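Quick heads-up: structures coming right below.
Below are two complexes that have subunit A in common, paired first with subunit B and then with subunit C.
And then the complex of A and B:
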């Protein structure tokens, strides 16, 4: 039912019926003879359209309704799904890093800018020993965040990443949520690409564990 | 006496050069601010209080930029062209009385470099010569777009010289002199004496032509923004480009002075109030240049020519004939 409706909308390209705010612009026929052109000039000249333009800009100047954002001091809010510099999340329960070193992000990265190396730690568990992203190459496509099975690597909101060199590396430690932030419980989950949808819990069905 | 006159003239020239070079800079500041406010922006705000020092920053930038003379340009002409624009703009200022005469330390100063009896003719002529700046600059640049813009600019300039001359002829017939001081004396009796009331058509025509003469927005065809290429100035950099800029803004100020003096009574009776009045009128004309830039679109070159030759010129001729008949 829902899909049908979408289909209907998609095929009907007549915007006037969907949104009545649209209307056809009234285009007067183009004058062909000299007399017609002369009349049009006279009409345009005497109707004072030029003065309407002058008045509009003067009115805006007097109203002084300035829309400038003074960028370094003021910033526009960005959406929660904004794909900027990556972040590495920690587990809420134990504050350990979520990344299991599976290497899927390195594999999928289409601009080949992730480098990951793992080793076995003292408990014979896999541990990330090296992890870096070359932001100079990253195109912020979001594939790494989407593919990550642990919701470990995500995008963040930090977009001011100008650098004085082309190769601008981000290491595991840089991206990891700081521990004090974890303690304060302020780690922000990424809502975009690859993240679980808000009501995922309700949709998950319990899997029986035994016959 | 001769030496005193000589020294006085030199001082006047230096003062005018300094003031109007600085005004050209401040003019760009006002232009940005006014355009910004009209488009709901803030304009320059970061350098100095209210961004006032932006002008200085621009000046430093222009002066210290590398001066590039590209290969294939006609070197000498390329280098002299911006000087022509700036120099002619300031030369035209020689015959403009900027303020009523005043006394300082018991010495009477006439704020006009040379009260020649053909003042208006001289001003219009020199402003006409200013055309050679863009024209030569564009032709010497070895760049097609520069050349096109120069050609366009030249065509418009020459056409609108006709309007300027013809529209001003009627007031000249009424006053019987070409000196701007005589024009001022003619209208010294107050607001009712202004030539604006007796020659409204000539005033509007001259005003329209002033936009073409200075290359301002409805007729901004010399440096054509629509091509995303800065017309004849494309190949210029640093202070050479800056000279074109100073010339353009100085021209705007001077033509505002001329309009105020010819049609709006100038400085009136020569009192302090009259002087303020003159500056106010000039400020209004300058503001109007900026205002139209925010409000109006540019016209096409062919529309501009059409307007000049088929509309404005016949009106100017009719105006002259009617003036002559009334005067007889």
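And then the complex of A and C:
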């Protein structure tokens, strides 16, 4: 009875409704008989389409509008949902690590490449003592990030993980957001599956009799 | 909301409740619901009486009794019964998620009580080899001591290679004898017996040999092979005599049964031993303190007292008539009033039990003592329990024909000393799996054949592989289970058909009970020998709480305090003081230990732990010793 004002928000992903620039491509029927096919060959051969392409290259060359990415020096921006090497996030409030050592990522990992050791720390809290991901086995399926209840492990954009050996381990410290990045407030939140939706606050209901 | 309660106007301030660290046990008061199960189990089942409720409304907590820190035997039973996880094992806490552990039901391999337990295993860390993370038990119907609960990591991590294996086969071919310990499964003992017959070697196992001879002598009077009692019989009895054992540390299973009997049936418990035991103080009703070495006299006095109104055979009656009471009472230091007090307290009892410990089995006059015990069982309503020293002493004594140990050349040791050592302990010439890494059965104090399962894999050779190399063809060790000695009461049941669980009503459905075997009863009592006198600095071979053998001493969580513990009186007699390094020599053994003064002890007998050394099981547990201080 208190719920009427709360509306469910979903991102509208139906492209046909959003953008009317979409249109059906007009494709002529394919020739079926020999004569028709012969005509098509002649048409294509004598149309001079080749020169259209050559002209485009020449035009762009003269314009000096070059699209080549000089890879090691230049990199293409990676989509926010790209699943590359994992990152361990810190809490915005306290800069401590988000990982609570629940071990769900280890459990769900289908290629069995995550191993986590936990122990009791001096404050009687669960502490991650060892954490490793074997990138040689990881298939970057994203299940670990999806299952993480704390949004602690996420995928980052770091896709350059070539290695001279098959087993390539990544440990907790490697993945954790560096503190100076945290201080600068530049920790990037993952926007892929499992991430908080932008308008999450509005959807959250308060617990009845909230203390 | 549904009840139109939109808000509440009251609140209770959350209290700061600190987590208590009590060694192996952690207590988190904020989780505690004050169900008091831990207090109940500690006082009524275990008998430590170490924790109590601190009353105080919302601020009630569980606290250690009469001390700041928890001072108990660390059986961890309170952890097992805690329904909310307020009491936890500090070694397990936060190391693994409970749902990831796979549970392997098995039998504890530390003492002859053969308690049921479940090993919980999981892969460990990055390399991922399986490891036991914790041990659980069915606390409703059985108890587990701390050694079983926390001493689970005794598995052998050393792998064995082929060259060592070939050497072992060669060594066995040339062997004159095999010496082995009772930390062995029935199946392996059976293999050794086959090897003995095939290779013509001698088998040495002093502990089982003495036990076997004791039981043989017992059978010669009682007319049956096995003792009648069991842990359950002890639990249900209302009158118990314990003699010749520091039972609380020798066999915690018996101790818990005694506690249950005492608390539930109000059992009268007579504890006969040369030394007081603080752990038995809550349970026993009468301490019968006798002189060291006079066990035969004590048994004669007890038998006479118990059987005084019974219709005995003529020869047996004559035996008792000929007893010299003045001499016996004087030498044993047991007064007649003590005996009559015992009789008086036992008058109303309906179920009585006599428990005999290792002091009597390794005694010089063990055979006559066994006959006296058999007489008590035969002519009175006492049921009778002998406490075997090691986990499978009883099984080995039934399966193997053993030779008296002698110092000869070419001895192969199997988990024991020898010229070539095949062992699951460190320093072996060939490594073999430990008892939690192999399938097999034990015979426990109840004469029950109990299955033990593989909790952890072992990469390497087993005794069966060696037997195969020597021409005995069985693919797996457990195929021997149905072939165990039928004459000793074993049944032709295959290993895979052995159950291993306690029923919902608490009935023991583990394995099977040995069949009763009738024997010829032609034993005749011998006259009581002159009772020996032990003077000077005497040591008693006795392990501290939670320690039993070389395997428990391997366990990381168990405290391994190998001090010589003695009273103030002992320290004066031996001219040593607290913290001294001393050299103890007894028999042919010489060891160095730190001396520790123990306020709970009295008299001139000190306790010498044996879990970290290998001790000659053929010797009486009290030893006259020479103790010298070393720098």
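As a working rule, the second predicted complex is superposed on the first by the 142 of 211 C-alpha atoms of A that agree within 3 Å, B and C clash if a C-alpha of one lies under 4 Å from a C-alpha of the other, contacts with A are read in each partner's own complex, and residues count from 1 in each chain.
Criterion: contacts are C-beta pairs under 8 Å (C-beta built on N, C-alpha and C of every residue); 3 or more make two chains touch, one makes a residue touch a chain.
All values derive from a computational prediction rather than experimental measurement.
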| item | value |
| --- | --- |
| First (subunit B), second (subunit C), both or neither touched by A:189 | neither |
| Which superposed partner A:119 touches (first subunit B, second subunit C, both, neither) | second |
| Touched partner set for A:158, first subunit B, second subunit C, both or neither | neither |
| Partner chain in contact with A:54 - subunit B first, subunit C second, else both or neither | first |
| Touching partner for A:130 - first (subunit B), second (subunit C), both, neither | second |
| Partner chain in contact with A:95 - subunit B first, subunit C second, else both or neither | neither |
| Which of subunit B and subunit C A:65 touches, first, second, both or neither | first |
| Subunit B versus subunit C as contact partner of A:167, first or second or both or neither | neither |
| Contact footprint of subunit C on subunit A as seen in their complex | 101-103, 107, 115, 117-120, 124, 126-127, 130, 132, 169, 208-209, 211 |
| Partner subunit A, residues of subunit B touching it in the complex | 34, 36-42, 45, 291-292, 294-296, 311 |
| Touching residues (chain side subunit C, partner subunit A) in the complex | 1, 5, 7-8, 11, 19, 26, 28, 90, 93-97, 100, 123-126, 128 |
| Interfacial residue positions of subunit A with respect to subunit B in the complex | 41, 50, 53-54, 56-58, 60-61, 64-68, 70 |
